[in-house]
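Shared between the two complexes below is subunit A, which pairs with subunit B and subunit C, respectively.
So, the complex of A and B:
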């Protein structure tokens, strides 16, 4: 095959097409601009109110980005952007909104922690958000790789940011795991490129290349699995979960809360997009060829088991939340595997509620740390009488994380379970039933470790010597109260969230 | 002309060696070297395949981006290694065990 020199005229046309696409990318561009503004602000704002100033600036940037997304960036139809490297559909918009919501909460949580950190902290936070938003739109192997790497590099730096031994150790471990996972993904991508001759997973050539009979099925599957390994790492599914507890323990608390939401949800969006193109290529479910649902379902089951069982032994509240987030990853992955509009709706609902309850849990852990000076669950002994406000909220949030009524956590779990049941009973694979049963069984296990915290708060005696370190701020109290209130509210008015989700359903 | 399969075999070997190094070596710097081998294996694949993608040369483009990202990642990694070394006076990954459950 001879190479042709690309002519100038198409180049000009494609440049113009790129310029035309830019308005739909204003949310990402706003965040990118925000990174620069924050870096500039870190130099110019006087030290006495630098942290507050930068946090408010980041909030404004995120709000502006959300405004752009809601009022400028909604295409009537799914469109391909930037020379078919991004695919902007309703799913992408929904996940970008979720990413922005978690970013907003992360900045609100940062008012306390940010004081100890340099200004670049907020710049990295915004960079991570931008990359996660691109991740949920990427439909080209190059863009997928770049967005995952951008998100990862920001995350490594954020992990190491808290300073001290723990931060550096956690950052290095996270980086080595992450870099190996993305190198494996990259190798898989290079193979997929070789099989199909295109990097665009939405292109016809990608499908026809995968379906062509010249290529045996085994290398295609191998390549696809190598690529999925990179995604599973971001979602922290077993066996790619090893970094999670260390990173959450070493990272600043708001950053850990962000890792457990924004990149995870964006990774799920990416996985859904990637798998849906394999689905169309007939590789999934074609009885002769390969059952993806089975293998990924198996991983989801193992993830739920490992996450929930390992969490039982944890003494440190941050590590407990890390294993809890691994367990939730298993359930989120199960919702993806339903491969139906119902599973997609359940995923969005779960994602939304998960953001609320996870940030509430991290915020309360941060408040209790401010009161007791410790992250150890054993040090929460008998705080229930002294810190009644935080303790009551903690109980509500833990009940939500377990998935019990009267909280939205219950509704979210119920939706995922019913999606799994519907998928199974309408002729789906029996793996969906096993996923459902594992989900139910692990909920019982979850009860033990989530309720361990209320148990220590209320039923254990307080030690004599009480150390009052800093105390929580008014902002934290209001935010925690609001999040817990929302969790209860959305149990009774789940239809409000559902109406919002209906606007982003996959059928279009 | 060297056939495509030679490049693919070379890339596979490099990838496997790199993966073996990252898994077996204890020193953080050695792990980073293994990582670099894995990335470059993918680059060889991309560039080799890109010859059959005559119009757009997407593979070569991808390889260029990978080189840039690898440099950024290595910079962050080395900065972290230096910090870890500052605290522990070692770069042995097995001995970094302050974070435990």
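So, the complex of A and C:
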């Protein structure tokens, strides 16, 4: 009892601080409550309209969360929350909004697939969103691990949710890779804790502990790389990308679309936060300058090459989108490596546009699946004349994914490339130039495989036997049209998005 | 209160001794009060109701896993509840925070238990806790002989056997 006396005095203050911080976390708490509500709803809502009811409930929860974020959860200046485990700044707010946007689209896409799935599906979806939002704020190794793990467990379950053999295989692969990645990350974190004696990466002790001359540079670098491996796994950067094609193929389509956006963007935010604290320490320690840009840049280049070149050989539309998502990860990582406000703005723009075009692509693949009964690109032969609406939209979205005008995909790529060039020409490392050149070269490769789908749609002859399984619904048609329209609109009105991003420019 | 002279390792030793005494006491009591009537079944090695000898690759009913999962869920809950209970009621902490400490601990644990309760309700409502015995499938042979005929034969055979027995007794 006597030993506890000194810790009691600040206890009241820290409890009060936690109570004060709670309003800023209402968005996450809303989602957490939403998970429970959806589970209750799955028990209580009668089977006849359960899927629709749960989807609408999830939409309401996401909308409420976004409302809380925009009207209650904006701090005037960067703050640390919950005993310095979370760091809430404008960057975190921007990434949380992007996560919510992708969650909204994922629920809208789920109306068809949801019929075949049980009520837990929406609960897991909301859980994944909550974890991704926490990931983009976490600044404590413990919370970083917890949020990544929550997101991963939801993702494993969602992957295996379709129930079939394919889904079970994909889920198991994802689970095994994920477990190894998080074990590696945890080991790195334990080393970092051993070096610094603190879990808080924003604390002064963390930096000074790493910079102290007593520790040789090699173990510190090893620990940092082990931790980064866990992040790179979530972003699906080569060599941690092996789970991606199988998981996207086996998972329900809306869940796959969500995997390629929300956890990826949150992982990028986490990486930016981690590197920004680590970089200052990493540059100086032991008198040696360690070039993070070089090593991570190398990984980004390999990711772009592997993603794009492997996508060329894919016959299945879902696998093609998976490799395209790996390729996009490379480019997003390149934008992170600029380490400047410009690169950050480009990253946000790219992330926003990427959500729109990726969900549009997955939605169109699901519509074409409903109309042709197949995910094979070869089965899209000659559909251009029969299914003119979906086909035209598919062309627009594929052009956007390639990064060609007149779509916002072009603007996004242009911004990333110019940020890389700016970074290089204002005295940055020559790695930025290599990243830029690889990005340009792989865009040409991307042209080849993305335009394969329009090629099959319009220039190939339709086979005689046509099976019409079921048509696409009106909601799907409207949503796909709206997404494609936005992609074109934001090419001409990129300043609307830029104005929004300006409001969230880094202010640390 | 423990004697402060006992070191931390001394406490572990006390736990060890206590554990051994507890188990040995239970066995000893059972040995004293139970009647001793051994048979083959009782003398076989106990293996959770399974056949103790044979391949370990046998297939288990999948319901075992669900029940085991639900059990572990509440087992872990209990493990959390014990340390919680020791700090929940600490008067010094409650006084130092004007009672806020108690409310925090109470609300946090209520949320935790409520979530687990919802999980149990879910498993219950989904029928995962029902232990339905598999229905034995009766094979339909499709024989042209009506079942009544078999019964008739059985009766005749039984009557003949009884007559035989009576004869032998006489």
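In this section, the second predicted complex is superposed on the first by the 495 of 508 C-alpha atoms of A that agree within 3 Å, B and C clash if a C-alpha of one lies under 4 Å from a C-alpha of the other, contacts with A are read in each partner's own complex, and residues count from 1 in each chain.
What we mean here is this: contacts are C-beta pairs under 8 Å (C-beta built on N, C-alpha and C of every residue); 3 or more make two chains touch, one makes a residue touch a chain.
Just so we're clear, the structure is a prediction, and the values are computed from it rather than from any experiment.
Because the two structures share subunit A, they can be overlaid on it, and in that overlay subunit B and subunit C fit beside each other without clashing.
In the superposed model, A:197 makes contact with subunit B only, not with subunit C. Using the contact criterion defined above for the overlaid structures, shared-chain residue A:389 touches neither subunit B nor subunit C, since it reaches no partner. In the superposed model, A:141 makes contact with subunit B only, not with subunit C. Contacts of A:492 after superposition: neither subunit B nor subunit C is touched.
Annotation: apex subunit A, arms to subunit B and subunit C, angle 40° (C-alpha centres, rounded to a multiple of 10). By the touch criterion defined above, A:184 reaches subunit B but does not reach subunit C.
By the touch criterion defined above, A:49 reaches neither subunit B nor subunit C. Counting the residues of subunit A that each partner touches, subunit B and subunit C differ, and the larger count belongs to B. After overlaying the two complexes on the shared chain, residue contacts for A:11 are found with subunit C alone; subunit B is out of touch. The gap separating subunit B from subunit C in the superposed three-chain model is 7 Å, by closest C-alpha atoms.
1, 4 are the residues of subunit A that lie in the contact sets of both subunit B and subunit C, per the superposition on chain A. The touching residues of subunit A, counted against subunit C in their complex, run 1, 4, 8-9, 11-12, 15-16, 18, 36, 39-40, 42-43.
Those residues of subunit B lying in contact with subunit A across their complex are 8, 11, 15, 18-19, 22, 28, 31-32, 35, 38-39, 41-43, 45-46, 48-59, 61-62, 65-66, 69, 72-73, 76-77, 80-81, 83-84, 86-88, 93, 96, 98-99, 101.
In the complex of the two chains, the subunit A residues touching subunit B come out as 1-4, 6, 141-142, 145-146, 149, 153, 156-157, 160, 164-166, 168-173, 175-176, 179-180, 183-184, 186-187, 189-191, 193-194, 197-199, 245-246, 249-250, 310, 313-316, 319.
On the side of subunit C, the complex with subunit A involves touching residues 92-93, 96-98, 100-101, 104, 115, 118, 121-122, 125.
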